[in-house]
Structure formats: C-alpha cells, structure tokens
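Each chain carries a letter (A, B and C) given by its place in the written order, and its residues are counted from 1.
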C-alpha cells in the first residue's frame, strides 16, 4: 500500500486495500476472516486518509469510504457498507449488515447490527440498536427482525436503546437515555422509556440565547430556516 | 498444547490448559494473574474447540467448558465457572464469581459480577448486572449484596440494568432498556424503568404471523407448547 | 524510568514519566499523540505505584496522580487531570477535559467528557456523561455545554445517563439506570427516567439490619452520623 503509515504492530491480511494518506496505529487487525471464511478470501477496502486507532479490529468483507476514523478498540464485523467522512468511536461495535451514510458519526461504545443510517446522523455514546424481537433461535427472525432505519440529519442522544425495525424520520432528535419502541416522525423530538414524541425540533430553545432557533447551523440549516 | 492454533501474538502464562481444536487470535492474554497472585499460581482451564478473538484477556483462576467463544476485547477476571457452548461477546466483561450455564449467550458490551445464569440464557448487548446495593466500602456488603440469579431459558433485551440479588424466573423475557429492581416470575414478560410485569410470554404474538405462539421453537418449545 | 515493571509489549512515547513501583501490562500505549500533535510533543505524567492493565491507551497531555489503576482496554484521551488513588475500569473511556478527584472510582465501561468529579466519587459501570445539549456542530456549544459537576462522596449506580451541565450535590446517591436531566441536591437519593428526588440518603435502610443507617462507614460517616 502506497503512502500508508503503519505505527506499531499492524496485522494486515491479504486482500485488504487502504487508500493513500491513511495512518494505522497498532496493535490493529485489518481483514480478520469472518467465521467460515479463509484468511484473504473476502476483501476489505478502506478509502484514502483513514485514521485507525490502536486495538481496532476490522473484518474482511467490508467496504469503507474516504476519511474514515476509528477510536481505540473499535470492532467492525463483516458485510458493512460505510460512506465517506464517517467516524466510529472508541469501543464502538458494528456487527454485520450496517449501512452508514456519509458524514455520520457513531460515538464511543455504540452497538449496531443491521442498521441503516442516512447522512449526517449523530449517534451519541453507548447507544444500542437491536435486530431480533424474540431472541434467540427463531427460525424466521430474518423475515421479521432487522435493525432500525435512521434518516438523514437525525441526532440521537447517549445511551439510547432502539427496538428492531423502528424508523426515525429525517432530522428527528432522540433524547439521551430513551428506549425507542415505535417510529418517530421527522423533525420531532422524542424522549423517555418508552420514548414519546414531545415537540418539534424547531421549538427547542437555545439555552444561552445565542440562536433564535437551534439547528440553524450547517448541516441542519435548510430544514430549520 | 496439542492441536491449538495460535494466530498472532498470544501470551499464555504457565498453568493454562486449552483443549484441542481451539483457535486463539492474538493479541490475547490467557492466564493473566489476578491482584495478589503470582503468574502461574492459579490455573486457567478452557475446554476443546474454543475460539478466542483478538484483544481478549482471560485471567487465571477460571474454569471454562467446551466450545467457548469470545468476541474482540472480551475481559474475564478470576473465579468464574463457565459451562459448555457459551459465548461472551465483544467488549463484554465478566468480573469475578459468575456462574454461567451451558448454551448461554452473553452479548457484546455486557457487564456481570457475581451473577448466576442458568442454561440457554440470552443476555442482550450492553446489559449490566450490579452486586452492591450501597457502594462503596460497606463492611457487610458481601452478606447483603451479590448479583442476580437468572434461571434457564430467560431472554434479556439490550441495555438492561439489574439491581443486586434479583431473581428472574425460568423462561421470563425482559424487554430492552429495562431497569430490574425486583424479582420477575417465571414465563412472564417484564419491561420499563422500573420494570413491571406485563403479560405471560405465551401471550406474545408473532409479528409476521409465522407462528401461532412465539418461542415454540427449540430450546423453548417444551415450556411453550 | 526507574523501578517501573513492563510486562509484554508496552509502547511508551517520548515525554512520558511514570513513577516508581508502577507495573504496566502490555500491549499498552502510553503517550499516544492527540490529533494534530507530534509524538512526544505533549507530556504524560503518571505518579508512583500505578497498575496499568492490558490493552490500555493513555494519550499524551494528561496529569495522573499516584496509585492509579486501569482495567483492560481503558482509553484516556488528552487534557485530563486525575488525582491520587483513582481507578478507571475495564473499557472505561475518559475523553478530554475531565477533572477527577482523589479516591474516586470510575467503573467498567463508563464514558466521561468534560466532567468534574470530586473526591471519593463512585461511578457505577456503564454510566455515560454527555456534554453537548444539541449535537452536532453548534458553533457556540462550548459556551452552553460541558459535562456534569459531581461533588465529593456522590455514589452513582450502573448504566446512568447524565445530561450536560447537571450538578450533583455532595453525598447524593443516583439509582442505577437513571437519566439525570436536572440538578440533584446534596445528600438526596434520586432515580428514574427522568430522575426524580426520592428521599434523603439518611433514610435508606440497611437490607440486612446490620446498620441503623447506611453510609455510616468511612469515608461517608461524617456526613451520616
């Protein structure tokens, strides 16, 4: 790999491609074979200008865009598709089959499986997404389960819990500590256990009076003008 | 150790036994000495056909059965007894004195201390068990505290919090995001903060109509027929 | 460094000072350069008698006192000030600008950013502190946000979530699984989502009748006599 900086003990399996300008801090493992696959059997592609921090594991079988960042101890299993300018925080876990849009930020300690995130989604630390309504071993779970669908510009507070298959509409805000058991409409604030819709995001006030309306800054301003 | 495959930098202290057919991905540390013990002073025994994934630490002073699996970054301290066919997920933490029955699955990011799990227990990601009602330093805490007792075939959703010494009856289902402050009877669904009993597991409906009754599949079918 | 024991593969960058009597278990990284800084540009100082466990990362730009302990996989970013006799548990994350008082214990899997903890604070496992009321990208967030302020002798249960800038008064007890959205007065018990004040700590009873009043033991006894 040209113009990739490896610092410390970085394990790179065969069939891994990393874009120019990337920095990988070891110990880290790129291209770990998933269960039932040989080393090098599946490809791992990471775009340019990645920063991979120590103790990260990324399995083979993933396609990751440019300007990707991980924290310490990030774990990414197979069959994920990750856009450009995405960060996945310290100890965050992507299990399989997540689709992560450009510019989305998955904070420290999150857990995602079969989740679809749009663009510019913020996921606060320790938020957990589930995908199976009736664990474990339901023979039909793939037909009834699956992770949440989160549209563009959604902001999710810390330590939330999402039940399978819920849909979070564009621009919604989910309060910290919420348990989301049903769909949340776009541009609404929801919070609580179970989460209930409280008011439109447009009616949130700025604590310090600096803005007439919150989220009037980029990238949210077109929806909140 | 015969027929054990070590991949990468695996540290194995003296007095560690690993069964045939096991695969250990480094960096990993097996037999880490607990506080106050010398390296090799306590034994660590792991059965046949284990898969230990990178960044795992397992302390000396544990007995672990056959077909054990860890995710990335699993941490297991001393004085645990773990049955056969158990998996402990990525970044999950077993502190000391847990008893884990056969076929139980502890998902990513869980935390257990002094917990007893029966057989075929499912613990969803990021679930936390506590063991001390009044931290810290109570001189009598060992007499009054201790972790939950979870009977066979219980299924626990993601990001739950268990107070010390609660008992969860056989086959119960705990909804995601619940805070469990009191005992839950067998075969009941409980959810919320604080968790309240909602209805029998038998009255849960299959979302897609594939089953007349959920949990009519193995290993649950005898309790739900 | 004199009288520092390194076990396994420990990476120590330039400009790192570790006190005598310390034990560091590798793999571990001490002095990791923060974004935009060169290796060795910022100092990391750790006092005497530290125990740093495997898979820990501590960035440059921190000042840490004596008798410091980490669990496995602890991650500590820059600009933290940590007192003496502090422990930070397995997979716990200190982001930047935390101030941690002497004798405080941050348990496994916690997440803190811009938090001030007093002395003898107990933070239960998986507790998360937030610092930005309206993520992400608010140009004024540093003027309106910031982490919680937690006074001396506070005890915080497992899996709690703190909203930005809340203040927790001396000696308060926060029940496990709580979401703290407003200030909690000193010496009070609060719990729930959202957390509400329930009663004075002095009115908590000992489950087993061993004490007339809980927290009558050190270091709490002067406040509860």
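In the analysis below, a residue touches a chain if its C-beta (ideal position, glycine included) is under 8 Å from a C-beta of that chain, and two chains touch if they have at least 3 such contacts.
Because the structure is predicted, anything quoted here is derived from the model rather than measured.
Asker: For the copies chain A and chain C, give the interface type as same if over half of its residue numbers appear on both sides, and as different if under half do.
Answerer: Under half of the interface numbering overlaps between copies: different.
Asker: Which angle of rotation, from 0 to 180°, maps the CA atoms of chain B onto the equivalent atoms of chain C, to the nearest 5?
Answerer: Copies differ by a rotation of 120 degrees.
Asker: Once you find the CA centre of chain A and the CA centre of chain C, what distance in Å lies between them?
Answerer: For chain A versus chain C, the centre distance works out to 25 Å.
Asker: Give me the residue numbers in chain C that touch at least two other chains, ranges are fine.
Answerer: 9, 27, 55, 73, 91, 109, 126, 159, 193
Asker: Report the residues of chain B in contact with chain C in the complex, numbered from low to high.
Answerer: It comes out as residues 9, 11, 27, 29, 32, 35, 55, 57, 73, 75, 91, 93, 95, 109, 111, 126, 128, 130, 133-140, 143-144, 159, 161, 163, 179, 193-194.
Asker: So in the complex, which bits of chain A are touching chain C?
Answerer: For this pair, the touching residues of chain A are 8-9, 25, 27, 53-55, 71-73, 90-91, 105, 108-109, 122, 124-126, 155, 157-159, 173, 176-177, 192-193, 204, 206-208, 210-211, 214-215, 217-220.
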